[in-house]
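Per-chain residue numbering starts at 1, and chain names A, B, C, D and E are given in the order in which the chains are listed.
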Amino acid sequence: MSELKIVRRIKYQQELDLSFGKDVAATPGGEDLYKCIQCGTCSSTCPVSVYMDQTPRRIIAMTRAGFKDDVLASNTIWLCSSCYACTVECPKSLRITDIMYALKQKAIAEKVYPRNLPIPVLAKEFFSAVMKTGRSNEGRIVARVWLKTNPLKILSHAGLGLKLLRRGRMSIKTERMTGGHDQMRRLLDAVETARAAQPTR
Amino acid sequence: MIMEKKSPQEELRIGVYVCHCGANIASKVDVESTRDFAAKLPHVTVARDYKFACSDPGQELIQKDIKELGLNRVVVASCSPQLHEKTFRNACADVGLSPFYVQMANIREHVSWVTEDPELATRKAKSLVAAAVRRLAFAAPLETKRVPVHPDVLIVGGGIAGIHASLILANAGRKVFLVEREPTIGGHMAQFDKTFPTMDCAACILTPKMSDVKNHPNIMMWTYSEVEEVAGFTGNFKVTVRRKARYIKEELCVGCNDCVEACVLKKDRVQVPDEFNVGLSRRKAVYMPFPQSTPACVVIDPEQCLQLMKGKCAQTCVEACERAAIDFDQSDEIVEIDVGAIIIATGYKPFEARRIAEYGYGKFANVYTTLEIERLVNASGPTGGELRLRDGTTPKVAGVIHCVGSRDRRYNPYCSNVCCMGALKMAHLIKERTGAEVFNFYVDMRTAFKGYEEFYDQILSEGVQFVRGRVAEVTDWAMTDEEKGKLVIRVEDTLVGVARRIPVDMVVLAIGLEPQADAGEIQRKFNISCSNEGFFLERHPKLGPVSTFTDGIFLAGACQGPKDIPETVAQAGAAAAEALCLVDKGFVEIEPNTAWIDEEVCSGCKTCIPLCPFKAISRDEEKRIAVINEALCKGCGTCVAACPSGAAQQNLFTDEQIYEEIEGVLSYA
Amino acid sequence: MSKPKAGFYWCASCGGCEESVVDLAEAILDVVDAIDFVFFPVAMDFKREDVEAMEDGEMTVCFINGALRTSEHREMAELLRRKSQFLIAYGSCSYQGGIPGLANLYSRSQILDFVYGGSPSTANPEGNRPQPHFHAPEGDLELPTFDSEVKALDQVVDVDFYLPGCAPPPSLLKAAVEALLSGELPPKGSVLAPDKALCEDCPRIDSKPNEPLISEFKRPWEIEIDHEKCLLAQGLLCLGPATRSGCDHVCINGNMPCTGCMGPVSRVQDHGSAILSALASLIDSDDPQKIDDVLEGIPDPAGTFYRYGLPHSTLFAKCGITQGNGET
Amino acid sequence: MKYLYYPGCSLKGTSRGYEESILAIFEKLQLPLQELEGWNCCGATAYMAVDEIKALALAARNLALAEQVAGNEPVSLVAPCNSCYLVLSKAQRHMEEFEDIGDVIVKAMREAGLRYEGHVHVRHPLDVLVNDVGLDALRRAASQPLNGLKVACYYGCQVVRPYATFDDQHNPQTMHELLKAVGAEPVDWSLGTRCCGGSLTGTIEKAGLRLCYILLREAKVRGADAVATCCPLCQFNLECYQGQIASMFGDEVDIPVTYFSQLLGKAMGIDERTLGLKRLFVPLTTAAV
Amino acid sequence: MPDDVSLPIAEDFQPRIIAFFCNWCTYTASDLAGTSRMTYAPNTRVIRVMCSGRIDPQFVLAALRKGADGVLLGGCHPGDCHYQAGNYKCLRRFRLLKRLLTQLGIEEERVRLEWIAASEGDRVQKVTNEMVEQIRKLGPLRLEKIPTHPNGEAAPAPAEPMATATEGAVS
């Protein structure tokens, strides 16, 4: 017999942050956030909602209402696989996938994501790989991700790696850009400066 | 120079009245400073601000000033002239000032309601007032013309709206032309089985009214007919109607259906879906739309009849008809009628469910629309009232999906108003006829009128399962064995907060209401406006719900927006009353904004003649100049803008008045 | 008792206006009998000093033709205004700016650059420009300065009457002189010509269809022009419907469309846009593309509609108000 | 119309077979694809999570390069990878739609000596093959039709979502038409655009593999001999994890997962090696063929 | 003259736009914008005419002359004219007027024709804001500045006006 646990569920307004919704609405794709009628089409069309602790619809509602901490702590935003099903099905044309991106960015910015969750790491790995070579090498990246999050996995997937190698679908040598690499770096740096110059949203 | 030439002899004494409209104007526009600004303008004798200029005390204030201060011009800075110009004109006329010495400045719709910054709003208001004051200098004391009104009324559309309006007018002793494009009147209501919330049978309450229409001495019921052209103006419309060939002598046919029996086309071989049963059954080339069709008269479909298509057929129908009512030589007939008022009651078009691929209508056999179910449960329907799936089995589980094609930016952004109640009715009927488990999937439940919430209560207590959530998909791939061979409804149960998959045998789509496919054409024919979604636009959402921007043309029923039967009937009554008060008044007053030619100046260059769409301009061969027939002129001013001599002028909109307005607004922009 | 004195002067003009005086033919003798010309640079040898020597208002009337663009034009206009009781703007240029007025489509510098540089016929390696002051061995030279834009007479001095036309028809001149002599004068600022458009008494008006829709504009050289038929109806761009009558239809009789030299009638503010509106309204199509195709037939709207009146047009009128016709 | 080829990272790695077959068929159709010189990673969806504008800037660079190469000529940038296809299109649209994004990227590109006028037309090979080359041409090219090979046409997400540029979002038909034209027989299933889990398979396996399982099982239920894909990640997910899926859900899901281009190539008589068919884990049992 | 009475233009320049709206469609639409509380730039001054066919090109010029920085013409959509075809007459004049104005050195964006139906309050808002922005970018219309042809092509072939000009310079 597990003993009865109780948690305080009530939310006091001071625990919420109404500006959170406004920020999200101000990011590209977030413009229609407040038009949501909570019909749940997103949740039911979402192929991964089965594993989400909050359905996408709830994420929208909570975002609007300022449940910042709960939203950023939720696994939902990380489970979103960017299949855009919700976005095209939404009767009020909310771009839910883009909103999920916005939330991921916020979570990473505020460093509030589950440590063992590989996705943010993947994103970062990806970023650095691209910075280095201008291209990504899935094999490598995935390996590094697992290395950081769950090293055992590497072993469990060694077989697959070999199969890929044998069929020439994974190479030891890194794919590199054929030139223009500096230009790409310059571009990315310039984005920084240009963005800094701009009045922040 | 023009100014010296035309400026008025009498000394101008202008009164300016700045309305607060409660807080509507005053909250944005600084009415006091606008008043003071006006007071300093040339020729302004008095300037006042007032809480509600349109109120009786407000009007009395103006009248008092006219009498005591001898005002001879009045500017009212308030709302749109579309709203209150008449009010203030009448107020002035009552104390003997020409109504056309009144000028309005629209500082509400065009200023306070659309401007954020109070300072800029005030500035804008001032410039509009300045313009109005200057414009008045060139106002003329015009005469409004009275034109007699033709007493008859045309009603377009023979659905419940048209039927109800016709009867009211006919009972009031008016002659009514009821034009319906289908072979019978009755419209969508005739297709329904039951009507919410009372669940009385549609036919039982509709068909008596239909035969009243048929038998009423004052009603010309023209079915299978369409309006071709509309000319003229309020009180005096000239309407051309095409009476399509029915190939049946209407006066002879008694609707015995012998010819239908006789028709050589084998029912199953005929490829025409029966319109009345929305394609759930098939009909022959000669057919009676439905048993209580009014008129009780068959019609021959020229697209199907061998005789009419190929010119050769045994003509078994002709033999079968004892009254020799069949006439293959009939041809369309064009009739012209004169009417004083027109009521448009052209109804709606059901949403085309195929457009939402996710719901699988047309792909999965057992996905139906509400309209199809109405027919299936109807005793005179294709299954004689048996609610069966296409394979003949009875559904054990059914899902009714609300908001199909409504409240959705991709299809129709608006709420179709009737679907919630319709869907509840469906749930009830399905349960009643099959005892099936019924799920209703709704986004928001809208049961807002008399007796509706009670109906919802009843359906709830009948044990219908309500899931709050918009269905994402009706699909046929199974996750569990239970789902195999069923239709699976994917939805989030938003009240629980989890996604669900619900297998059902039958899906019913509560389709929304759309404007008729040819609404745009009708709109042009009758010269009225459409709102964004394509329904006809009422003159004012609150104060002119059945009027249009074209005087003498009124709206009834779903052609103006989604409506259920009670609302439609109520509106039909209102439209009938409006039409009645127009034709009973016997005359209309025409805004004297007609154009005229200054003989001194016209060189007879003929430029204006072809520009008039109403053929009001002709050449006076005596004087060798153009002349405008005031009776025909509608006052658009196109000829005026084109006259290269400035000889053509338009009352209420002379060149001087407009130049003054230009300078006026700019003098304080 | 001495005859009334008259002056006749030209500014930026082609000399056609002087011709029109000669065109009075024998009638000129009556004029000379009746009037004593005291200043007439083309015909007689008077100098500016002679005018300066006169009393103010010594001349009964002075006719000035040509547009004004130089300091000299302005000085002379002011001088003659002082010396005469009635000042008459004579001819289209003086009345509304005339053809020289089209120069206002270009800035002063654009013009000078072209004339003393860009133009094909110019060889000016040193890039010389006309100088107001020039020192020559014979002595110092003074040249008039070149204004920034062309003006009509009434944009420089107060004008009593206008006598339109390029050149003004002798009949109007004769009538004007008679009016002056008899002292039966219309109100100041009047245009001394009928206040109706040309179609009014056009010999071809009856051949103009009652519905003169336009499906194509043609240039005179493109067609064999019918001598009887309304020119507009033949597709020619005739400004008759918008242009003051009184010209005796010399162009029409010469089988050429009216180009608008007499200016608009008094109720029209802007000659160009008035005729524009009339013609465009008559285009026989509702399709934007087709409409444009028809309008292709008017390659130079500004030059066509403002040929004689750019400085007087609503947009280009330099001093807000001018007396005389329409403009307020 | 000029056709430039944007491989994207995967086609140089795990989905070599896709590149090989695409190049081969275009070659054979006399429409040789010229690879975009100096291209870089499209910015990929994973990147969006870290820094959207940078991701879009990366994409924009590729567009700018393409425009440079094309000069004034209208140019199609052919991106076989759904993800690349989407990110490139998204960059283009976002730059138009959101001023501030557009401004930042344009400024940054100027810094880097790049400019983009927005003239590049981002295309998916499916689109090009069906709408430019045309079904008749393909029919003619099919020397060895796939007589009745039952194929589950699987489009994945990002080729029709969120932008339905060349096909219907809910019920795409391009691949169906294409494979029908060369003799295959698409099976009727409703999962053609249901997500395969994308990168989840690599990160949150449980979630990812479930999605793959649903797809593979349904494909088998519908009697497909093979699954045809048009996206590297989809192909990878559906093929490489079949073993794990089987053990995880205790259900055999072995079925060859090819690229549509490989099937097309086969029908056009190109040999298996050239088409990279040898690289498949589950060989295409062409019993039907 | 009104130009003198008018307030000096603030450093944050407020364009002055005259709008001629037809009574049945566009004027009603801007009433609707009002009743729907759609706020938009306060720079337009609507002058009501019964039909866009009443809009005389002279009005447009007068407005510009008297100090407007732009003019907006609004009528019913093609085919929807309350008077059947007035809007087409307006269109015909507008096409030619546009060409004339560019030739006279007035920027395209300053004069605009829009079809706005009675129900399109949002379009009134959108169009007004757009136009105000465009004209704010152009700055105030300075008729003194005219003539200037940034792209000379607008002007007629230089030949004959030049001739007169030189005459003027040396006479």
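Methods note: a residue touches a chain if its C-beta (ideal position, glycine included) is under 8 Å from a C-beta of that chain, and two chains touch if they have at least 3 such contacts.
Nothing here was measured: the structure is a model prediction, and the numbers come from that model.
Among the remaining chains, those touching chain D and also chain E are B. Ranked by the number of C-beta pairs in contact, the top chain pair here is A-D. Taking the mean of the C-alpha atoms as each chain's centre, chain C and chain E sit 29 Å apart.
One finds 22 Å separating the Cα centroids of chain A and chain D.
A straight line joining the Cα centres of chain C and chain D is 73 Å long.
Averaging Cα coordinates per chain places chain B and chain C 58 Å apart. Looking at chain A, one finds that residues 50 touch two or more other chains. Shown for chain B are the residues in touch with two or more other chains, namely 358, 611, 638, 641-642, 655, 659. Within chain C, residues 268-269, 274, 277, 281 each touch two or more of the remaining chains.
Shown are all chain pairs that touch, namely A-B, A-D, B-C, B-D, B-E, C-E.
Residues of chain B that touch chain D in their complex: 357-358, 475-479. Note for the complex: chain C touches chain B at residues 189, 195-200, 205, 208-213, 240-242, 245, 265-269, 274-275, 277-278, 281-282, 323-328. Touching chain C in their complex are the following residues of chain B: 1-3, 5, 598, 600-607, 609-611, 618-619, 624, 638, 641-647, 655, 659.
For chain B in complex with chain E, the touching residues are 80-82, 106, 108-111, 113-117, 120-121, 123-124, 127-128, 131, 523-524, 527, 529-532, 537, 541, 549-550, 593, 611, 613-614, 634-638, 640-642, 650, 653, 655, 658-659, 661-663, 665-669. By the touch criterion stated above, chain A contacts chain D in their complex at residues 28, 47-48, 50-51, 78-79, 81-85, 87-88, 95, 97, 101, 104-105, 108, 117-120, 122-124, 126-127, 130, 134-139, 142, 145, 160, 163-164, 167-171, 175, 177-181, 183-184, 186-191, 193-195, 197-198, 201.
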